[in-house]
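You will see subunit A twice below: alongside subunit B first, and alongside subunit C after that.
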Partner chain A sequence: MKKRLSAAPFAVWMGIFTVVPMAIVLWFAFTDENGAFTLRNIAEIWQYSGTYVDSIWMGALATVICLVLAYPLALSIARKAEHVQRTMVMIVMLPMWMNFLLRTYAWMSLLEENGLINHLLGQIGLHWSIINTDAAVVLGMVYNFLPFMILPLYSVMAKMDNRVIEAAQDLGSNNWQILRRVILPLSAPGIVSGVTMVFVPAVSTFVISKLLGGSKYMMIGDVIESMFMGDGCNYNVGAALSLVLMVLMLICMSLMRRVDNGEDELGGMMA
Partner chain B sequence: MKTLSKIYNGIIFTFLYAPIVVLIVYSFNDSKNRVQWGGFTLDWYRDLFSNELILESLAVTLQIAVLAAIISTVIGTMAAVGIFNMNGRLRRAMESLNNIPMVNPEIVTGISMMLMFVAIYRATGLLQPGFATLLIAHITFCIPYVVLQVMPKLRQMNKHMYEAALDLGCTPFAAFFKVVLPEIMPGVITGALMAFTMSLDDFVISYFNSGSTAQNLSVTIYSMTKKPVTPEVNALSTLMFGSVLILLVIVNARQVRDLKKQKERR
Partner chain C sequence: MGENKIIELKNIAVSFDGEPVLKNLDLSISDGEFVTLLGPSGCGKTTTLRIIGGFVEPDEGDVFFDGKRVNDLPAHKRTVNTIFQRYALFPHLNVYENVAFGMRVQKKPNDEIKETVARMLKLVNLVGFEKRSVSTLSGGQQQRVAIARALANNPRVLLLDEPLAALDLKLRKDMQTELKNIQKSLGISFIYVTHDQEEALSMSDTVVVMNNGEIQQIGTPQDIYNEPKNAFVADFIGESNILDGVMIQDYLVEFFGRQFSCLDAGFEPNEPVDVVIRPEDIDIVEPVKGTLTGKVTNVTFKGVHYETIVDFKGFKWLIQTTDYYPVGSVIGIVLNPEDIHIMKKSEYSGMFGDYSSYSEEFDELGDPEAGLAEDAGEGEE
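Here is the complex of A and B:
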């Protein structure tokens, strides 16, 4: 009975510092500078609908690329001997623990007009103007979030029962059929958590687009950031924009959850 | 097929590591030009350690990370024990409370806390953005990681051990410290290390909650990358990568030892 009480500090802390702030975002979104109720902030969001669409498009593109790149890798890790698996997972995780800004900054110096890649390309008479384009931002997203796709996929595939695959082989399936009819459905929970873990941070980023995309307001994250830290800052519109972002992400996630039966891979991935 | 998959894995790993390797190599480059190789030097490291802004923010980062790790580990471990003993709706409510910072986009978590601190400051003059707000924010996003690490250890534990301790005359308090805590200790320590690393690494939430008085390293790096960058940043990256590498090796060695112990017990 009493043991439950030890969760009290947690409940109080998380209540005050996560639930109350959410309520305050809501309050800022529906009031003006003087604290009077208004729907003007919400109305202003329409102005940014194009940016929302762009962000979701770029985030989705990065997510799909990550999935396509990660799937074969995760599968091949999961088929290795146990100690090899451990080492390979470690290799995948390591870049993730390097400061996120520094990783992005590394790409900045690689992709620059006179950066290393163009220097090397220059030797064979080529040039690639990619910095400050959408492509550079998507590349940055793929690079930064690829491990978030590999790890949940791997952790589901590693748990897969090998006998199921052997049974399929015995029953005459070829490799392609096994992949499509056995491995793919069984790895669905991993796909769902991988997609969520890449899509949410990709859509809401402002660092990658700032560093690799130039100074344009490309992503919704850039706009929100400027509403809070920029010169023309407006907390109320910023709160409304974040509210919509939050709701969009919640909708995306509940759609994803419906595909899956709701197994949480997050804890497994972090361990 | 085998060689094909080896080549493919090689390409992906190269993609993951090439930028980091380039960064590390160029931190020893004796030339301001980022492309030309001008010979080996440690000058950038020397510059780094005479850069007061960086040293100051390093101090802030470490203080915040240590404090956030300790406080979130205490609150998170207690929470895990409490939640573990709950059922039904209450338990689900607590679990979703724990999930809020993990599923919310970081930028939303960051600005929501910033707005609250602004509101408190406007109303009472307390909690001006600075060290305290940064610490509170870090504790908040670290707690869920601790809870998620401790929970599985509680599940693995033999429930009757705690009851046995009570039967043998322990007070619930003593039973917790003498029986439960040693059992879940691996989870507690991994949780603490994870909280520490998350705090070291955080940018987005810190950016919105640090104010101008207490910048952590990430925030300082961000302001440095906006200007034409000096190779000092490369030196800094190399050092940070090295320290994270060491931390990770420690965590991993612990987990391997844990696994071995579990196997021996069976």
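Here is the complex of A and C:
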């Protein structure tokens, strides 16, 4: 009885925010405009397969860049004195206090052909045409999602027992060996959650690609948005697109988890 | 035990945040020696070990290994290994890989690793635990893994920071014997930190008594016990009655207005001194035969003996005796010259060794084991 009561808030939450919306998506994806069952929406998706691949590729690229940038940063924060850590985490979070759209608009005006960066570069006779390219979109994603990579990495690293690192040193490990044999495996949970928190929103983003990537529908998020807003909108195809995106993402994440676990075992055998 | 000094600390001083933690520390350790650093909590034992291990750089002074100065040698290049206070095992590795860690780092061949790990696990009685995750082990088992992991690296010196503090009494006693056997059979030096004086006395070749970042006395367990250098050592190592006295001349000391012959010499004539009398050295006799007579004010049964508090003209002594004298009875005592130990006056004079307040301390001292192990640090003042 007690158990059921304590689970109640979770069940309500799940129902309102997960089960019902999922059911609606499913219903739209497998019906036509008259509400009759059909697989036509799913079949139509084939024409967007290239966009799916591009989105996953760009999301993955942004995720990897975030990881490469965030890992050393998180590590250096975690190894500082406690009050310094707090300040540094604050600074990392600072951009997040500003609205996501504003930040992206800011990048747009920075990167424009006649933007601030090109204005400054122009002073020394250079020009950088980056706006409306894949690179600009990846840059925008990295900038926006970097804190979501840093924070989970930092929080596992801050909890790491310093004596375990000293033990590795005591047993003859140099800094590189400590990183590879102790810090990296112990921070694996942080890597998994950081990657999840960056990859999922990156793949499905549409604002960044629209503002920094130009008018063409470059990411699957843009396509989905167009199905729900504006003239050519079609809720049924939009729902089917979302559903497939979700399935693809689940597959990516479970692959990622498997690689992580496998590495653990492998690491255990070879480390 | 070889006579060559494997480790020497010369004039070491360390402070943290302006607080001096070690002052003018001089210490040398021979090849194959079992040295114990003994002292109350916060006296700088761990810091001393960390200096030897390479985790703390001294502000002043030098560290020598085999006569070579190693102040700047990083921890991973030193031929010492540490068993940390609370083990610090690698949580992501199983028992086998924890023990193998040092050899993996050194890229030893797999056959050799396998052979060494098997040998180490046998040494610490953990055969069959290879695949176990370290988090599923009991405290004693984790301790053994930590020992095996350190020894697998074939160190010339093993540093042990209160390795048995977290274990229960029975296991602690067993592990003490085991560690001592391991040290003897491998012939390497152990530098062992504890604040348990019994552990220190029973395991060590040499005991280093520390307090407030300073070495109080270095000596064999017998020396430390029988010839404590000052009131702090006398009180920290076992129970002591410490009285004010005057050294009349060599081999003759006066206290309580009486003169006693003793075995100590080398003091100025009429030099004020501290006199130590161990509770177990005092012989109780009939009042008429005693050189001093007193009245029993308190008796506690301790299993092996009775702790009897006797009032001699207002100054209370602790006497350990196997015979029972009820409260209120008048007894006499005899002091033989070898029962009287003379110490120079020190900063600790008058701070320890008076049992006048014994009845109030009674509760804290009620549990003898806890008293030895835990109260050592705080219970002094």
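What we mean here is this: the second predicted complex is superposed on the first by the 236 of 271 C-alpha atoms of A that agree within 3 Å, B and C clash if a C-alpha of one lies under 4 Å from a C-alpha of the other, contacts with A are read in each partner's own complex, and residues count from 1 in each chain.
Please note the rule applied: a residue touches a chain if its C-beta (ideal position, glycine included) is under 8 Å from a C-beta of that chain, and two chains touch if they have at least 3 such contacts.
Every value quoted in this text rests on a predicted model; they were computed, and no experiment measured them.
Contact with subunit B, but none with subunit C, is seen for A:A106 once the two complexes are overlaid on the shared chain. Touching of subunit A by both subunit B and subunit C, each in its own complex, is seen for residues 267, 271.
Subunit C contributes residues 53, 55, 74-77, 80-82, 84, 86, 88-94, 97, 101-102, 104-106, 149-150, 153 to its touches with subunit A in the complex.
Interface residues of subunit B, counted against subunit A in their complex, comprise 5, 8-9, 12-13, 15-20, 22-23, 26, 34-35, 75-76, 78-79, 81-83, 85-86, 90, 94, 97-98, 100-109, 111-116, 118-119, 136-137, 139-140, 143, 145, 147-149, 151-152, 172, 190, 194, 197, 201, 203-204, 207-208, 217-218, 221-222, 225, 229, 233, 236-237, 240-241, 244-245, 247-248, 252, 255-256. Those residues of subunit A whose C-beta lies close enough to touch subunit C in the complex are 161, 163-164, 166-174, 177, 181-182, 185-186, 264, 267-268, 271. Taken together, the subunit A residues at the contact with subunit B in this complex read 2-11, 13-15, 17-22, 24-25, 28, 69, 72-73, 76-77, 86, 88, 90-95, 97-103, 105-110, 112, 114-116, 119, 143, 146-147, 196, 200-201, 203-207, 211, 221, 224-225, 228-229, 235, 238-239, 242, 245-246, 249, 253, 266-267, 270-271.
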